[in-house]
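Got some structures for you, see below.
Two complexes come next, and they have one chain in common, chain A, joined by chain B in the first and chain C in the second.
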Partner chain A sequence: MPVYTVSHVQNVRVCVVMVGLPARGKSLLAQKIVRYLSWLSIKAKCFNVGTYRRQTASQPDASFFDVENPEGLAVRVEAVNKAVADMMSWYGDEAGVVGILDATNSTRVRRAWILKLLRENRIEPLFLESWCDDSELIMNNILDVKTTSPDYAGKAPDFAVSDFLARIANYEKVYETLDMETDKDLTFIKLINVNAQIIINKIETYLESRIVYYVMNLHIKPRAIWLSRHGESMYNVSGQIGGNADLSPQGWAYAKKLPQIVADSVGPGELTVWTSTLNRTQQTASNLPFKKLQWKALDELDAGACDGLTYQQIAEDFPEDFKARDDDKYEYRYPGGESYRDVVIRLEPIIMELEKNENILIVTHQAVLRCIYAYFMNIPQEQSPWMDIPLHTLIKLEPRAFGTMVEKIKANIPAVSTYKEKGTFELGVDDAKVNDVKNIITRA
Partner chain B sequence: MPVYTVSHVQNVRVCVVMVGLPARGKSLLAQKIVRYLSWLSIKAKCFNVGTYRRQTASQPDASFFDVENPEGLAVRVEAVNKAVADMMSWYGDEAGVVGILDATNSTRVRRAWILKLLRENRIEPLFLESWCDDSELIMNNILDVKTTSPDYAGKAPDFAVSDFLARIANYEKVYETLDMETDKDLTFIKLINVNAQIIINKIETYLESRIVYYVMNLHIKPRAIWLSRHGESMYNVSGQIGGNADLSPQGWAYAKKLPQIVADSVGPGELTVWTSTLNRTQQTASNLPFKKLQWKALDELDAGACDGLTYQQIAEDFPEDFKARDDDKYEYRYPGGESYRDVVIRLEPIIMELEKNENILIVTHQAVLRCIYAYFMNIPQEQSPWMDIPLHTLIKLEPRAFGTMVEKIKANIPAVSTYKEKGTFELGVDDAKVNDVKNIITRA
Partner chain C sequence: MTTPVFNSSDDDLSSGSEIEDLLCGTNGGERYGKRLSGLLAAPVGLDEDTAPRPLSNFGRTRDRWSFGDSSRPVMGDASQRMRHERRLSDATSDAVHRAIDADHISPAQLYSTDSGRLFHAGTMVIILVGLPARGKTHLTVSLTRYLRWLGVKTHAFHVGDYRRAKDGIPKDYFKPTPDTPEGKEYRANIISKCISDVMHFFDDDKGQVAIYDAVNALPEERADVDRQFTSRNIKTLFIESLVTDCNIIENNISQAVKSSPDYVGWDAKEAAADYVSRIHIAEPFYQEIDPSEGLSFIKSINFGERFVLNNSHYGYLINRIVFFLMNSRIKSGSVYFARCHKNFLKFKSDPDLDDEGRQYAQQLTKTVLAHVGATKGLDFITRSQNNTPPPYSGEAGRQKSHATDGIHDDAFVIWTSTRRRTIEACEAFRELGITTRERIQLTQLNPGDVENMTAKEIKAKYPEDYKQHKRDPYHHRYARAESYHDLAVKIEPLILEMERMSGDLLIIADESVLRVFYGYLMACSCYEIPYLKFPTSELIEIKFNAYSNTATRIPIHGVEE
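Our next item is the complex of A and B:
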């Protein structure tokens, strides 16, 4: 029994048509929107025209992008045609909801062509322009592209920068920005220097306004987010789920050690600590010398009728539920309780705050942490409920342009395992699988 | 143990400085923002300069507003000074968070003066301009003002319209709109013809972005929202709270009659029906021939450890909780469950959807319905948990410029009362207090 959100019912399909010169952060925006919508169970996919172009021209130099180069132009037109054709098939064959056409789409002629095609297929066009004249921002983006784009893989850094600047100059010759007068009949968002100024034009559907709000909240200042489960609780020790137990002695040992671990990772800066409303997260955070905030939305997944039971008891008392949960853990809702999908919906405002804020440490619960982690690490929903997030471990996330860096800092305080493998109801006695983890840097 | 939201912790105070010619819907916007923030427990208040001016000049004609009329100018400057002084006292004495200065604030000189004052007092200025050149919109606003403003009470309608147009013309002489270039250092939102175009400039804090998102979602198309509790449930009959009971025979009778009652009220149009995930709302909606949407956020207030008990049992088993709840029903949280404040926080996205959508019928639960009703009817939080929302009654809300019209349509199917008065644990056997209600039109 899925919980629908309005986007699933309005039968609205949207195409986000990116607009902007190279090195304006379009691909990053496109990827973030896909990640956010996917996390909300809205089927979204990015179609990057550069990827299609590379099938024919893998590492062309700047002259290829000159509008007066007929061969380059032919390849580029072919690439956009292929990308658009694939996107249209995806809307049909895979019931896509939000496609993103990631390209410069720099002229009104090109945009009019896309607009016509979308309208003919009853897909709502949402133009999203990233306009930027802040040379520092542009240069940062160029350095990013230089190090990450396949167009410059194996090339000398100096060549990459100068060639890319020449490519941008070729686009500038024909570029037409979205204009409040000329383009007033289009549905569009124009971001000026990230979000210093934003122009919003004719946003009408719910789905469009969600995308707009998300994009509005993004910022690009470097920052980190710290996550931790509560320390081991008395219920963890007895193998019960849910409840509002206090910390075990080992849990208190983690609470005592946490300030030092946090200080080592954060440095001298200030943090704000977010906890749930349950004792075990507040006790875990109790020694941290920072401002604290309780969020009901950070409470553990509600196990409903199974609250307070062990997995073994659930398997005995609710055998059908036990199996149904293993079969589809993301969608399964405990009788009178919640599913992972329910948790994601209530976490959405938390994610928005995390995108807007800096220097947050969240102390929360296994299922909630899995959902937050899945958002930042782009982990598919069918996998996220099965992730192993050990006790007594501080996780540092650093969102970057093309992924999120992860560091896991183990407190070296023993704890029971709360990880239940599919099909079993036993928990490991020790988190052996993860407790050998020292500091891992993972790139999502 | 209150659940804080970020706005309570950031210690940010914001002043929304309205900007715009008369008849641009500024006061309506200001009132809606106050209502929305108050509902979210963010202390907000509107300071309307016109109200202060009327203390000296109650019904001046258009010439009073001519910038070359020194006497009029003196009175108007005095009024704005008083309004601003009162607002500043309110920030200090009453710990105000969002003040709204509702005036035309039409010149850069005036805005610079306010800006300086706010900065000196460490209050973040957020300018909110309503700019409009759609003559139909303006004329609608003029007709609204003509019928609702004390400035024209008792005056001939024709005089009111022509005098008001002359007043607007006087403001137009000096009006300076917010400009993306000239005013680029200000934090502002500029609404162009309601929300056809929106310019957002330098929005930085969380609280500002919440106000912006809310304002973005407002529309002014006339519409209605229908609300109903589920039909009487088996738990209602036995006096138990919470749970996931089925409808009683009388509840099923309501479910059977509901399609006709709805059809009579809605007419030939289409609706979308929103229910909670619980059996009793879905059974109540089961005969409605419309698209249906389940929202976890519409589930009843979670009674935690008291789920399934009667009020008498709660009074016996949890005497302290029973008393605590009666003492502060809005803040009281059931052990392991929710408070009304928790429900409001999870309902916030629902309110946003309701502001954006049209033709919605919500079938939900007593506490949830109280919270939704409180938002639209601007009912203070200490009162909202005590409102009597009877079973077997369809409520039609019509948000208008200066309030919400309410119609209560009784199904004339008997039901137990689920209304518990403060200090008692008994429920009336019949909803006598409300079942004598026929069709009431109330203006909030």
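Our next item is the complex of A and C:
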């Protein structure tokens, strides 16, 4: 089975060097790039200098970040050196392709030093600056950092905000933004107030252009994404896969209850609902009082020749296929159908649109939800096809600077289980069996 | 290399007299689509009326494609199908300007929506801004090609075509605000005709993206165009091409002189002088787009060196456009296709080249060296090697990326698949020092369970699949197989990488892969691609041009078909 990646990377290595003051959404951007590239099977890793600094100074106050503070400076320089050294050995030892240096890199001297190092090691530098003077955006970021950053864990909220503002002021003293003239020879992308204006300079490789393209689609406004499988379908009841069945009576009960569950979780805000083109997702969403869009790309993984069969029938009629799928579920493609990798490829525009939009509720299918969940939660492809996604459960995802928050809301309407363990054609979750992968979502 | 590189919006390559007949003749009642398809589109092998095509995009089938079973196109019998076969001799013209019907499915289209518009993105008009000789036509045409390939229903409208359709254009027509009443009338007339055709495209033809190619030098002109479209709920995006590098402009002028229909039969010097005077007429009036105009715009500076995006939050489609523009270059080189030896080998077998294959490789090398040597000069190999990066030279200055192939006009790069017969076929090139790259994406289409079976055997063993495949040979995949559509999705990164390269590229691969590449470059539809033929005895050259690409066949002597 050929492995598709978005880029030919045998002779390209890129380092994304973040630039910008604290509270400009750099860590969020950095993490998202890693998640996106990993999702597309490109080896990527983020090196957060703050994490290295915390090994020595776990919760320093703002004065630590003053350039006039020699002690603080020494610790911070050491942290950068450690992060860069680790990144360099990662490129070598683990065949890394895209490393991300997540730090302020706010002075031209620092950037020149990194540039030289990368050039000498034949790694392409891509500077990514987030520049922002929109005080509302900055304040939102500060509140986000205050609640999620380990630097302020256990501290009083008021202290955290004022200390963080003082820290930013210390960085502002030395900050030099990327300049259209002085830095015209660098490869860079500069985001001004998220994406009100974007400057893209001297992109030299396809891989860089792919990263830039992705970053352009991001925004850092707070938002949430709700995910739900369709209600229980007649095929779910009979254990068949694929098809275009209608909802079962229990499925309709979920469709009826869904507007209330959504309203409780969303509050007064607006929402757009995305469904697949199949009956069961549209029926599930039919009572929701929001704008709805149908996406062909959200249709269930196509089981090809096995469409409409039960797992038992597949095991009997296509024994080799049944085993091949258990052995490598991500790459396995049904005869005339799709693999999980195929689904990831067709979901890419959906992911881009999801990044672009604010509040969205997606009503779709098991395999598609696994892929979307894997993207937001950074689940490796060996695990994502094996996660159990229960029916009649609303999942809320909130992407934050230091990771995505998950909340599960059960509708308390009974439904069959459609989960299939490896090596059996029986359906159902056997709670006696310890299986960390299966429970990634149920225990999240 | 003497391939015309590009020319300005006012200087396209279509024939003026046909436009005149059609725009000013008795056919005025017909919609633009028919008219333009007659005048701009190169005819292709497919018969418009009998060509198979999906009738509807609704319903659910086992396939990813959303047309319902009952409405799926019937391919007809084999003898009729033969008529649809598009040999390269018929297909050496570029179909990027051909009108496409409402239910068209494009080669790399990932899915369809009920509106017939991709990405739920609504309708959008892209308005070019820039002086003559800034590559607006190149931008327009290459963007049309890419968006169509992605499945966005796109059409390019060049004001130059409409202008050439008229006789006796007064000289002050080229001024954004003409002085004479005559000049004013001509200008207003031509622009309103072009814009009304754009409106038809949206209203009657389910068009999603129209690209309006004109100078649009003044803020008032831009505000006016913006108003006309936004008042009809059509989003606008301005793309301004700015050039600060005089070499690029000079090059563009000399290309325009060579290839513009405005200068057919002219003396080169006089043509250049005329063209420069046209630039000079517009230049003093030209005003760069300013953020204060409140428009959504993209500025492209020196063809992709820098982009400035303002207010473009329309979503996926615009970002996709920028993504393409980041990789798009004006190319001086050609793309060559050579079919690998022994196309019929089993998918899993990967033997070394046999004697006959080595002989083929020898003849191929000779043909390529002679042909490229004749166009680029015999020392092209030495010049092509000129892409090793210099050692690190201090903090200032940009080094050309070490990992980027083909960034120089003189570069010559070969891509092969990872199969031995393609790698070994360029042994001689490698010894000469030419860069060769093995690309996993160039692996041939996997035929799956029907490998080495005759049509009769397939029909007997998989009657249902056989029927489906006949209906839609581009998207249908047999058990364990890949479809052409799978290949198209797989090679998209290579297509963008190819767009990045300025120099020559030779691709040695299996016929199935060449079909998909060729389909992109010549804007073939997915009903044509599976039938393209690439005999081993021919090297195919695609030349790039601002208005349309051309394909030529170069015989490889001493090799049987």
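Quick notes on this one:
Note that the second predicted complex is superposed on the first by the 345 of 444 C-alpha atoms of A that agree within 3 Å, B and C clash if a C-alpha of one lies under 4 Å from a C-alpha of the other, contacts with A are read in each partner's own complex, and residues count from 1 in each chain.
As a working rule, contacts are C-beta pairs under 8 Å (C-beta built on N, C-alpha and C of every residue); 3 or more make two chains touch, one makes a residue touch a chain.
Because the structure is predicted, anything quoted here is derived from the model rather than measured.
Partners chain B and chain C, once the complexes are superposed on chain A, run into each other and clash.
In the superposition on chain A, A:T272 contacts chain B only, with no contact to chain C.
Applying the stated contact rule after C-alpha superposition, one finds that A:T310 touches neither chain B nor chain C.
Touch criterion met: A:V12 reaches chain C, while chain B stays clear of it. Touch criterion met: A:K291 reaches chain B, while chain C stays clear of it. In the superposition on chain A, A:I200 makes contact with both chain B and chain C.
In the superposition on chain A, no contact is made by A:N359 with either chain B or chain C. Residue contacts after overlaying the shared chain place A:L115 against chain C, while chain B stays out of touching range.
In the superposed pair of complexes, A:L186 makes contact with chain C only, with no contact to chain B. Once the two structures are superposed, chain B and chain C can be ranked by residues of chain A touched, with C on top. Looking at the shared chain after the overlay, A:E124 reaches chain C, while chain B stays out of its contact range. Overlaying the two complexes on chain A leaves one chain C stretch of 171-179, 369-377 or 387-395 clashing with chain B, which is 171-179.
When the two complexes are superposed on chain A, the residues of chain A that touch both chain B and chain C are 2-4, 6, 184, 195-203, 206, 209, 212-213, 216-217, 244, 277, 293-297, 302, 307, 333, 335-336, 338, 342, 345-346, 349, 353, 356. Listing the residues of chain B that touch chain A in their complex gives 1-4, 6, 9, 180, 184, 195-203, 206, 209, 212-213, 216-217, 243-244, 272, 277, 291, 293-297, 302, 307, 333, 335-336, 338, 342, 345-346, 348-349, 353, 356-357.
Put simply, chain A touches chain C in their complex at residues 2-8, 11-13, 112, 115-116, 119-120, 122, 124, 184-187, 195-206, 209-210, 212-213, 216-217, 242, 244, 277-278, 293-297, 299, 302, 304-305, 307, 333, 335-338, 342, 345-346, 349, 352-353, 356. Touching chain A in their complex are the following residues of chain C: 60, 62-64, 66, 110-114, 119-120, 291, 304-311, 313, 315-316, 319-320, 322-323, 326-327, 392, 395-404, 407, 437, 439-441, 443, 446, 448-449, 465, 477-481, 486, 489-490, 493-494, 496-497, 500.
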